[in-house]
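Per-chain residue numbering starts at 1, and chain names A, B, C, D, E and F are given in the order in which the chains are listed.
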Amino acid sequence: MRNNNRKNDELREIKITKNFIMHPEGSVLIEFGNTKVICNATVEEKVPPFLKGSGSGWVTAEYSMIPRATNVRTQREVNKGKPTGRTMEIQRLIGRSLRSAVDLKKLGERTIIVDCDVIQADGGTRTASITGGYLALETAVEQLINSGLLSQNPVIAKVAAISVGKVKGEILLDLEYSEDSLAEVDMNIVMNSKNEFIEIQGTGEEATFSYDELIKFIEAAKKGFEKLFEIG
Amino acid sequence: MRNNNRKNDELREIKITKNFIMHPEGSVLIEFGNTKVICNATVEEKVPPFLKGSGSGWVTAEYSMIPRATNVRTQREVNKGKPTGRTMEIQRLIGRSLRSAVDLKKLGERTIIVDCDVIQADGGTRTASITGGYLALETAVEQLINSGLLSQNPVIAKVAAISVGKVKGEILLDLEYSEDSLAEVDMNIVMNSKNEFIEIQGTGEEATFSYDELIKFIEAAKKGFEKLFEIG
Amino acid sequence: MRNNNRKNDELREIKITKNFIMHPEGSVLIEFGNTKVICNATVEEKVPPFLKGSGSGWVTAEYSMIPRATNVRTQREVNKGKPTGRTMEIQRLIGRSLRSAVDLKKLGERTIIVDCDVIQADGGTRTASITGGYLALETAVEQLINSGLLSQNPVIAKVAAISVGKVKGEILLDLEYSEDSLAEVDMNIVMNSKNEFIEIQGTGEEATFSYDELIKFIEAAKKGFEKLFEIG
Amino acid sequence: MRNNNRKNDELREIKITKNFIMHPEGSVLIEFGNTKVICNATVEEKVPPFLKGSGSGWVTAEYSMIPRATNVRTQREVNKGKPTGRTMEIQRLIGRSLRSAVDLKKLGERTIIVDCDVIQADGGTRTASITGGYLALETAVEQLINSGLLSQNPVIAKVAAISVGKVKGEILLDLEYSEDSLAEVDMNIVMNSKNEFIEIQGTGEEATFSYDELIKFIEAAKKGFEKLFEIG
Amino acid sequence: MRNNNRKNDELREIKITKNFIMHPEGSVLIEFGNTKVICNATVEEKVPPFLKGSGSGWVTAEYSMIPRATNVRTQREVNKGKPTGRTMEIQRLIGRSLRSAVDLKKLGERTIIVDCDVIQADGGTRTASITGGYLALETAVEQLINSGLLSQNPVIAKVAAISVGKVKGEILLDLEYSEDSLAEVDMNIVMNSKNEFIEIQGTGEEATFSYDELIKFIEAAKKGFEKLFEIG
Amino acid sequence: MRNNNRKNDELREIKITKNFIMHPEGSVLIEFGNTKVICNATVEEKVPPFLKGSGSGWVTAEYSMIPRATNVRTQREVNKGKPTGRTMEIQRLIGRSLRSAVDLKKLGERTIIVDCDVIQADGGTRTASITGGYLALETAVEQLINSGLLSQNPVIAKVAAISVGKVKGEILLDLEYSEDSLAEVDMNIVMNSKNEFIEIQGTGEEATFSYDELIKFIEAAKKGFEKLFEIG
């Protein structure tokens, strides 16, 4: 049995606090159960060098955890001199996912940076970051529209992410840490509100998975997305 | 007139939320007005090399800000490859201040690391970090005592910090950002609950200060400490 | 029409040169068309700290490209001071894939490091690295068995990887660079010779993909794997 | 009794050698007893980005020690990849102190960099650096005036620094290393020749200090400054 | 007796494979016995800042080894964060040697970067890199002439390099690793096809050498160069 | 005509100040004309890992310049994060040269680190560093003998270094900066007091040199060494 009597295909309780931090153009505290991520969106009126003069904008993301977001303290990455491979992998995933939500041409030559800072981790920090990061991005875009800087809405569709995994042979939705650490297969899926896939990443390091299981993972995730897009 | 009708020698509203993050041995969210710092204390059963075999413990601190804690986004230090001089100066100050609160011999060969992560900045982040960091440290020590790992309380006295400054010729207590950015003289004072000084740092980069002004800064700070030690 | 009259579900010509470099315990030059990767396996009689005393071994991988492997010269990563996010993502993927091929308990407390150095790139360097890396690993394991250091073969199954993508609406197998740079959806699949999935990574940054397309990608890949496992 | 029969409120012998190194615009070897610092001032006809077009100049400082300036060899900071927190704290202090000596508007859009390189350390290297650094700066400014590049003298007042400390309960002026290493309280004070405070930094890590002691530290320092401004 | 019945003043078998990698403007695989180096020349239509507007071009080189080029695996330099002193010394030597082959004025404001990547090492990697690097450079220059970008040939003379050493009292030409590791004196000589010296570097760390021996080293090298310039 | 009426084969005035810095086991200020280098030798009772248990000692060197040792200020290497290639090349040369002076077996399992810090540069800093570094090393060894830690003298022979160059077709000994910057060929020679070569490094980047010129360079250097070994 899962904690709090959760069913295998049930999400944890999700809480969204908008305007959490006062300075950013978009700010959301997202909670998936005990996992808590501050997602702040910053608008900068410039683009990376490869886009200068293209008329096109950019969306990028950064991800970090405070040292005691985790049960055992994690050393700050600045003290190692560089981000870990895990951090780089996650922030590249968040960036790709959020870019898929936006028509970069309509955004114009500006950049939206979405910072995802995990203050409490209990599994699923990358999927919470994508889901909350989208909401912060959406708020920042609304502000650009309200202030007259944008005349058309560049958002194509809502984006969210969810994890599924195989734990002791059972397929579970939205794994918390105690489940994730036992998972034989771990899959993160990013979809949009038009029911399209943006990214699918499944890893069977501890155990492999069959074609049939792959289909079941995707089915479980789809149920979660229906719920998620109702909330967000 | 200061914001919210504050008097020159009045502190901002201070809020303390204990047990803010679930994993650390001590965790406090401290708010001085709009300045918000998560202070997490971690106990590790080891000491730095220079203390091995000494019977003595260690207290140290780290300080960081999430990128949009500030009005304009600040680049993450990990992406510069090293902490800035400002960060190093602040975390060394927090560390020295908190070590003064503890009899390191009584702590035994263990380390308490206090992480101060600013999630929203509006002036006075280093003094809020010391004040909140002490409270997180205190909670962690209580837990060591309750769990039987410590038989005596190693805490000598409560520690807190406060800023004073000269703005347009007036002496102001507990500066918020709009005041701090105009300050001609800026002073941070760390005291303990026995009315003793731990650290005093006054800088007159923009303007110098006289002996009489120095005495007035200290008087103003003392009033603030009385209030602070009532709350904390 | 694809180059060299390739069909959409046809692999490029694959060449495997064993014992390519004289020093390593296993060494393979793998060519997928114009993509050429030197895969060298090194056996070290030690394990990372987290495995000391566990009786279990480790498999890890590193990935790099020489500067003119690419059409435009790429700056050496050592001159940037750290590996790029892309490199880290790829070498973590190779490492996970190769670990899935080995029963780490049977390997004993030793590490196999597989270095994948791309000397010529024309798309699919990560999938060629996994496929060639497995063959180098296999050779190194054979040498351990022949020298009497291993009494049982720790290899569970052969491992290989393949890319599929959607280019101008068509589903193509084993993309070369001119196709990859136009791909709307890009998927890398790692399977073993028991027809099990090890990793699946699909990205629709430029365009999303539907459930039906996902199934077609997987079908196309499966055909490729049948061919690959015949060769390797 | 202090070494060389020094009284508690007596400075060490101070020696100033002007034009010590032949290349810089200003160069001074300053000796406080056995502490020896080469202070070189460089004039550059450019300013940091934040001052471009402002009409205002800049003064900054760097601080380093050669490895055997100290009794036990100190590893070069370049081999650690970054300056230590101590170095950063000291060079920021020297920079602030020297900027207070100069009307940056009158300096015009140019930068004076003061390099303080300790060749022999015996306590008080930061206060010697400020005192000697001011003298190097003064020489560089004279050269700018003599060469016609400056029409008005931008120097506001002479600047110097001094340390005081509490050692075994006694208040001592200008601590040498054998005293400094025993100090319970350590205070560095920067003043100018108009009898104004520029910076005050007092640390009671080992022991706290009372209000009365603070006043006594300042009185002792003032005596030292009278002597210092006579010499410099 | 040397391996393969080589005489003391005999070169190893030398093999040159032109157009080894398909992307670069010049590409050579050079083999001195078992030592194998990929030398790729890249033409970039820009120069370093110190040459901008000078009308003069630049030639530079980089050097690296793949981890298992050596008998024992060598850690990648990117994972140490910076090139080793050995690498820097070698790539500066290659750069100086190749610049001496070219009239930089005639090259015009463009840069040729020669990347020397050792894929298998058995002694003499730096001399093989210079010799092969020159050939890659020559091919790139030919391509510039053929494409009409250069009207005159900027190459002054062919350049090659060779090692000599004293091993157990005997003077040996073109040392392989088993000899090099025993060498008492080690000398690398760079000459051009006009019989002129470009660089001479002799090191007697293990043993010193006399004037007479120096003359003998040079005589031995000269014989090697005659052979080398016939081949290259 | 050279400055100060120097003849082509004449050294600059050389000054040696022993015991220059009070802390090191050996300390020398060496001056070759206006070039001034502080050479400090440190004895540490440990060896690098590759020598542990071998009974053999080690000698190593580090080299640096203070920023205004040069006419134009040079950025500190610590601010670039790593030593430049030039620094690494020089300190490796000094280290090899000084190791040749010592029987490492007789030194026993200890390390002598020689720090060469250039405080004023006017050409020939590397040769001055070797010459002065040897003298600091010699003093440190004497102290080891006097203190009874060494029973036999491990010094094999005195070591010194000298530069020669071709400037406007003339062969000059001991180049100062104004000559060095014009040199077509630049050669550094390290010899010992037994008239043996330790290292020879000649570079003809700007111009090549013939066999006859090589012989003349060496002849000129030999005259310089006779003089140098008289002094040192």
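Convention: contacts are C-beta pairs under 8 Å (C-beta built on N, C-alpha and C of every residue); 3 or more make two chains touch, one makes a residue touch a chain.
Model, not experiment: these values are computed from the prediction.
Looking at the partners of subunit B and subunit F together, the chains they share are D. Minimum number of contact steps separating subunit C from subunit D: 3. Of the pairs listed in C-E, E-F or A-B, the one whose interface repeats that of B-D, with over half of its contact pairs matching by residue number, is E-F. Separation between the centroids of subunit D and subunit F, computed from CA atoms only, is 33 Å.
One inter-chain figure worth recording: subunit A and subunit C are separated by 27 Å, centre to centre, where each centre is the mean of the chain's CA atoms.
Once the centre of each chain is set as its mean CA position, subunit A and subunit E turn out to be 50 Å apart. Subunit A and subunit F have Cα centroids lying 59 Å from one another. For subunit B, residues touching at least two other chains, in rising order: 81-82.
Arrangement of the chains shown, judged by which pairs touch: one closed cycle in which each chain has exactly two touching partners.
Listing the chains around the ring, anchored at subunit A and oriented toward subunit B, produces A, B, D, F, E, C.
Within the complex formed with subunit B, the residues of subunit D that make contact are 81-82, 85-86, 88-89, 91-92, 96, 99-100, 192, 194-205, 208-211, 214, 218. Within the complex formed with subunit B, the subunit A residues making contact are 21-24, 27, 34, 38, 40, 42, 44, 62, 64, 66-71, 73, 76-79, 81-83, 113, 115, 117, 119-120.
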